[in-house]
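A short write-up of the structure that comes next.
By written order: A, B, C, D and E. Residues from 1 in each chain.
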Amino acid sequence: MSASLAFDLLLAAALLWSAWRALATPDIFRAVVLFIVFGLLLTLAWARLAAPDIALAEAAIGAGLTGALLLDAVGALGSRKDGAP
Amino acid sequence: MTLNEALPLAVLASSLAPGLIIFALPESRIRLRTALNLFGALAKLVLVGVLLAGVAAGEDYGFRHAVLPGLELVFKADALALLFVTLSALLWLFTTLYAIGYLEGSPHRSRFFGFFSLCVTATMGIAMAGNLFTFFVFYELLTLATFPLVVHRGTPQAMRGGTVYLAYTLGGGALLLTGIVWLHGLAGSADFAHGGYLSALGPDYDGQLQLVFLLLIAGLGVKAALVPLHGWLPRAMVAPAPVSALLHAVAVVKAGAFGVVRIVYEVYGVEFAQSLDLLTPLAVAAAVTIVWGSIRALFQDDLKKRLAFSTVSQVSYIVLGVALFGPLGTIGALVHLVHQGVMKITLFFCAGNYAETLGVHKVSEMDGAGRRMPWTSAAFTVAAFGMIGVPPLAGFVSKWYLGLGALEAGMPWVLAVLAASSLLNAAYFLPILHRLWFRSRDGAWPEEHIPARGGLETSPLLLAPPLVTAAAALAFGLLASSCASPLDWARLIADREYLSWSP
Amino acid sequence: MSSGLVFAAAGAVLFAMGLAGIVLIGHLLRRILAFNVMGSGAFLILVGLAQRAGGADPVPQAMVLTGIVVAVASTALALALARRLHRLTGRTTLSATDSDPE
Amino acid sequence: MIPLLKRVAVILAAASFAGALVVAMLDLPAPTVHLPAAVEANMAASGVAHPVTAVLLNFRGYDTLLEVGVLLLALLGVLAVTGVRAAPRAVAPAEPAKRMLARLLAPLMMLVAVYLLWAGAIQPGGAFQAGAVLAAAAVLLHLTGILPGWGAPGPRLRVSLAAGFLIFLAVAGALLARGALLAYPPAQAGMLILLIEAGLMVSLGLILAGLFLLLSRDSGDEA
Amino acid sequence: MTDPVAWLILLPLVWATGAFVLGPGRGARLAIGALLVQCALALQLAVEVLAYGGRTHPVGGWGAPLGIDLAADGLSAVMLLLAQALALPLAVYARAYFAENAPTVRYFWPLAGFLLAGINALFLAADLFNLYVTLELVGLAAVGLVAAGGTARQVAAALRYLFAALAGSLLYLLGVALIYGAYGTVSLETLAPLVDARAPAAVWIAGGLMLAGLMLKTAIFPFHYWLPPAHGGAPAPVSALLSALVVKASFYLILRLSLDVFAPLAAAAATVLGLLGAAAIVWGSWQALRTDHIKMLVAWSTVAQLGYLFLVFPLLAPDGLALQAGGMQAIAHGLAKAAMFAAAGVLMLATGRDTLVGLAGVAGRVPLTLFAFGLAGVTLMGLPPSGGFLAKWLLIEAALTHGQWGWVAVVIGGGLLAAAYVFRVLRQAFLLAPADSRFHPVPRSMEWTAFVLAAASVLLGLRGVELMALLARGAA
């Protein structure tokens, strides 16, 4: 059980946890925040996979821009009360 | 593209081209439309004349066009084809004249005559088809071209009739297609040939070929109005008179009968069909239809419906003739194909005249019509006697040969059927004649559209055609033995068909 | 059990999680989240599986770069549609009847 | 099926699918083709030193061409759907401290973007990452009220949005006329790739920013 | 010098971007001009493939496993011909359509340009990942076109379509990832010899995933739910493009993969695909019989006709009959469906309503359009003399030669069902017009476009020899 394997498994577990929480929380704002956390964890995963280009792209576009778009959408959709889960 | 190849195409084009142009014509261009129609009809007659002379002299006219690898559109103007082509071309001319008079002032005439020309083109294609694929293409084209004519009036009742018509014909087409593709799989895309091309397949295919025969006859039986499949014909009488006259008395039902002729003689070959004992059940089906049609006609008060059931019965004479194994039966069938056409179109023309002129639709309303419309009633009488089989009219000639054929084929019961049906014909035609001539009219006509003026009982365009066709019915009977009569042409076909058969 | 295979396995679970999310979630934004998770899962498998024997392989990495850009394009369009639907109908879910002709 | 039963069934199905997938991946034999070796062998002729950029812009440059098309297409879709017409709505200006921070950060981010572009040839970086950083700068400026949202893009903006893609297409067309599609002559490969990447950086930056700015405006007012 | 393979992809990209730069609602003339050139290129490619057989174009000059290849064989040449032959008349139609009723679809021309570029790229691609990008290009363009109308109904239909398309793309992408993991390459040419029946489990899963993804994008039953609202609700030129072309692109891909790379694996799914096809024919026709909106009827007819295409899979055999049937059906349905949607667009413009009842008596006003609808109906019914009939003939012959009777009954039944719903429309139009019905004038070019497309689908029934010869030209 080398140290790097332990770290990989831990990171993978964190990834799965954050993804599952992001999809399962009914409150949309917290789901998006969790999704951004998932994006950052994913950036780490790409670094571990010796893919710095993807790590950079994931951080900038995946977590960054997509996160911004989602947050902005939450703002827009939140302005009109909606009950549907 | 030699002349022999171009002629069959020219025959097709002589009705297709005017038809397509007429489609594009605005409603108001009446004179141009009439000119185009008549020009097309006359041009076709001239071309058919050339073909008749050529084929009699032994020329063969044909055209092939590859559609798919191993699948061809083949046209062949042989003797059998020309029998049907001549009949259709002749009657198309008269029906066009009649239709021009009949549809005076009604809407959508460009559409009507466009589809009318398409129907004739389809009939020509069916007649001159050289293989089953081409036959099927024009067989279905006929369905598509006749539907708009059946629903021409646009009334809900016409729509219901049209829907029934479509259901039957498309259903029949589907059966026919399955049979044809199955044959194509077994025997490849062979052309029609005297004596058929299926006998070459080994004996182990017999079971399949019998099943295929059933499919083909069922498919064709719809248009040939064999009993269980005839339901559409009486309902299609909602169509205007010229449509009922040319299409439902001549083109459509004959297409079915002609198909049966082609399949029995030039796909299976009559000997092979006999060896597969397919002819006897066919004869039984035809006989049942003959009797059943005549019985149903007895109880129809509506004149066109009575004539429709009479057609159901009369067309099966042709199928019966085909099923009689022997040249005399064949001659009877082929000559009846022409005679029935001429007689039945006269009856429908007269029915159209009564309806259009006096508003008479029912037999019960026809009392004293003979006095009011003597010429139309005379033509009706001639044609009616022909249908009954009274000599010297055309009907007698075909029934005579059918009787001889029955004896030759060793099927005496067919004689009984012929006799019974003649009696039934008399039973449903004579009362009409009695009303026409021996009853007086004690009230006004239901709707007198066209008043009798200047010695003419109705408009000339409505009167001339029935008179000509009635005269033809008489001539085909009297001059049957002459050289240019349909009987002579039928004898020529039968000889070629039976080269291989010795009595 | 190289790091490539660990992340490939994680990717498989993420993909399945996203797929289940699409089917179960009705809310448009959360369903778009599920699509992104599913996409990330597929990318992880693409690179992880290719590098299961160690050693970086630039070809799947370039593919994932392309994939990420395509993913953001799809997400942007989906968000635009979701916001327009919300602006027009006030709803944040797709109902069965909304696209039947009036 | 009541929702709970459906939920359990779907989750079970997904779990078993994931399991099957993992098992299948574990017992995969070694691949028959080994592309990294081929990439390494052809690196010299690719015009760049960094393998990922070589694959992205040269070996599989055609994928990237279509991918930029997809991004431009997404922007088109957003424009067509949001029906943006009226004059852009200005965002309420944030506190002065934030505005000053934004003014400081923006040029720095642009510098980072240009560095990323330049470095892409020899180490991780390149047009997409640079474009994303530019977009982040634009988003930052918008959120702090300095940069207004977008109305319907005027001709100048449309040209600059499409410039990167048009340059890429022009190069592809020119090379096609000379030989095969996107076949950079080894000598000028590096320079051509840099030209394409520069164009892409600008356009991608604007497109990614546009996606945000157009979307954020949509909630504001009527179509 | 002009290599049609590459230009067929670059040209639409160029004029699409040009149309975008020109601004919203502009770009029609540019598009029509470019489409003329594209038709010439497609024709040139077809002639070359017919003469010299299939050919590949190594992009970047690197060659198969490293670089991406473009490949044009008989099947792709035929599909390219269909795509350009549809795009040109529909462009003319769209120009008149949008001039007629307020430019409801902003940026139609750039979106249509990207759509066509994606379709051309897809027909020419020979690389699994490249196919993913082209699928995405086609998907997003199609969704954009459906949503561009702007009404709530269209936006909802577009969202439903986008989710289905995205799910399909991601399933397909996972399949590509597994294939790359298993063999280390995504080039079709390199993969073909590697994949065999004894492939590892991951490859079988990959095949299944890619098939599922593509079935979602082809809207074959039971994944058809998104098609009727999307195609039925969109403006007429958009529905025509989508129904005639887009769904065929993913069908082409399933056919391509099951003929080349996944041939050893394809047999397992063949019968299932056939059964789904049969179910699609029945379900699509049944729904078409029940709806009373013209465009929904034509959209459901697409769901049904796609079923015919899927009947090809259980009958694929070296004798090539099923492939010919599939090719002919794809072309005939493409032309007929484009004509039918174009005609439906004109009928709705003329009567101002979308319902069948509103059609009464329209025969007098727009006879040419009704004739076009009828001709297109003849092809859908598979009645002679039409392309649809030849496709039906080939399908029945293929089924009979393999003794598979079931498919014959399905094909025949499908034809009769098609007749039922086509005549529902034609029948209305023969009825007498109620006195109060007003008809709006419709530009002639729209009527003529519908007629030309319908006539092409019928004339195809008279001459299919060259097309079938082209279809049989395998890869070089």
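In this text, a contact is a pair of C-beta atoms (placed from the backbone, for glycine too) under 8 Å apart; a residue touches a chain by one contact, two chains touch by 3 or more.
Here the structure is a predicted model, which is why all the values come from computation and not from measurement.
Undergrad: With one step meaning two chains touch, work out the least steps from subunit A to subunit B.
TA: Contact-graph shortest path, subunit A to subunit B, evaluates to 3.
Undergrad: Going by the stated contact rule, which chains contact subunit B and subunit E alike?
TA: Common contact partners of subunit B and subunit E, which must touch each of the two, are absent.
Undergrad: Could you tell me which pair, D-E or C-D, is linked by more C-beta pairs in contact?
TA: Between the chain pairs C-D and D-E, D-E carries more contacts.
Undergrad: Based on the averaged CA atom positions, which chain is farthest from subunit A?
TA: B
Undergrad: Specify the chain with the shortest distance from its C-alpha centroid to the centroid of every protein C-alpha atom present.
TA: E
Undergrad: If we define chain centres by averaging CA atoms, which chain lands farthest from subunit E? Would you check?
TA: Computed centres place B farthest from subunit E.
Undergrad: Rounded to the nearest whole Å, what is the centre-to-centre distance of subunit D and subunit E, using the mean of the C-alpha atoms as each centre?
TA: A distance of 30 Å separates the two centres.
Undergrad: Distance-wise, how many Å sit between the C-alpha centres of subunit B and subunit C, to the nearest whole number?
TA: 67
Undergrad: Report, in whole Å, the distance between the mean C-alpha point of subunit A and the mean C-alpha point of subunit D.
TA: Roughly 19 Å separates the two chain centres.
Undergrad: With chain centres defined as C-alpha means, what is the inter-centre distance between subunit A and subunit C in Å?
TA: The computed centroid separation for subunit A versus subunit C comes out at 12 Å.
Undergrad: Any chance you could list the residues of subunit C touching two or more other chains?
TA: Touching at least two other chains: 8-9, 13, 15, 17-19, 43, 45, 49-50, 52, 56, 59, 61, 63, 65-66, 68-70, 72-74, 76-77, 79, 81-84.
Undergrad: Touching two or more other chains, which residues of subunit D qualify?
TA: As it turns out, subunit D has residues touching two or more other chains at 21, 25, 28, 31, 35, 39, 52, 59-60, 63, 67, 70, 73-74, 77, 81, 83, 128, 208, 211, 215, 218-219, 223.
Undergrad: Considering subunit E alone, which of its residues make contact with at least two other chains?
TA: 129, 133, 136, 140, 143-144, 147, 150, 155, 158, 178, 181, 184
Undergrad: Tell me, which pairs of chains are in touch?
TA: Those chain pairs which touch are A-C, A-D, B-E, C-D, C-E, D-E.
Undergrad: Tell me, which parts of subunit E touch subunit B in their complex?
TA: 324, 361, 363-364, 367, 371, 378, 381, 383-385, 389-390, 392-394, 396-397, 400-401, 408, 412, 415-416, 419, 423, 427, 430-432, 461-465, 468-469
Undergrad: Which stretch or stretches of subunit B touch subunit E in the complex?
TA: 23, 65-69, 71, 73, 107-108, 111, 133, 136-138, 140-141, 143-144, 147-148, 151-152, 154-156, 159, 162-163, 166, 170-171, 173-174, 177-178, 181-182, 184-185
Undergrad: Hey, which residues of subunit A end up touching subunit C in the complex?
TA: Residues 4-5, 8-9, 12, 15-16, 19-20, 22-23, 28, 31-32, 35, 38, 42, 45-46, 48-51, 53-54, 57-58, 61-62, 65-66, 69-70, 73-74, 76-77, 80, 82, 84-85 of subunit A touch subunit C in their complex.
Undergrad: Mind listing the subunit D positions that touch subunit A in their complex?
TA: Per the stated touch rule, the residues are 52-53, 116, 123-126, 128-129, 132-133, 135-136, 139, 208, 211-212, 215-216, 218-219.
Undergrad: Using the touch rule from the top, collect the residues of subunit C that touch subunit D in their complex.
TA: Within the complex, subunit C contacts subunit D at residues 5, 8-9, 12-13, 15-17, 19-20, 23-24, 45, 49-50, 52-53, 55-59, 61-63, 65-66, 68-70, 72-74, 76-77, 79-81, 83-84, 87.
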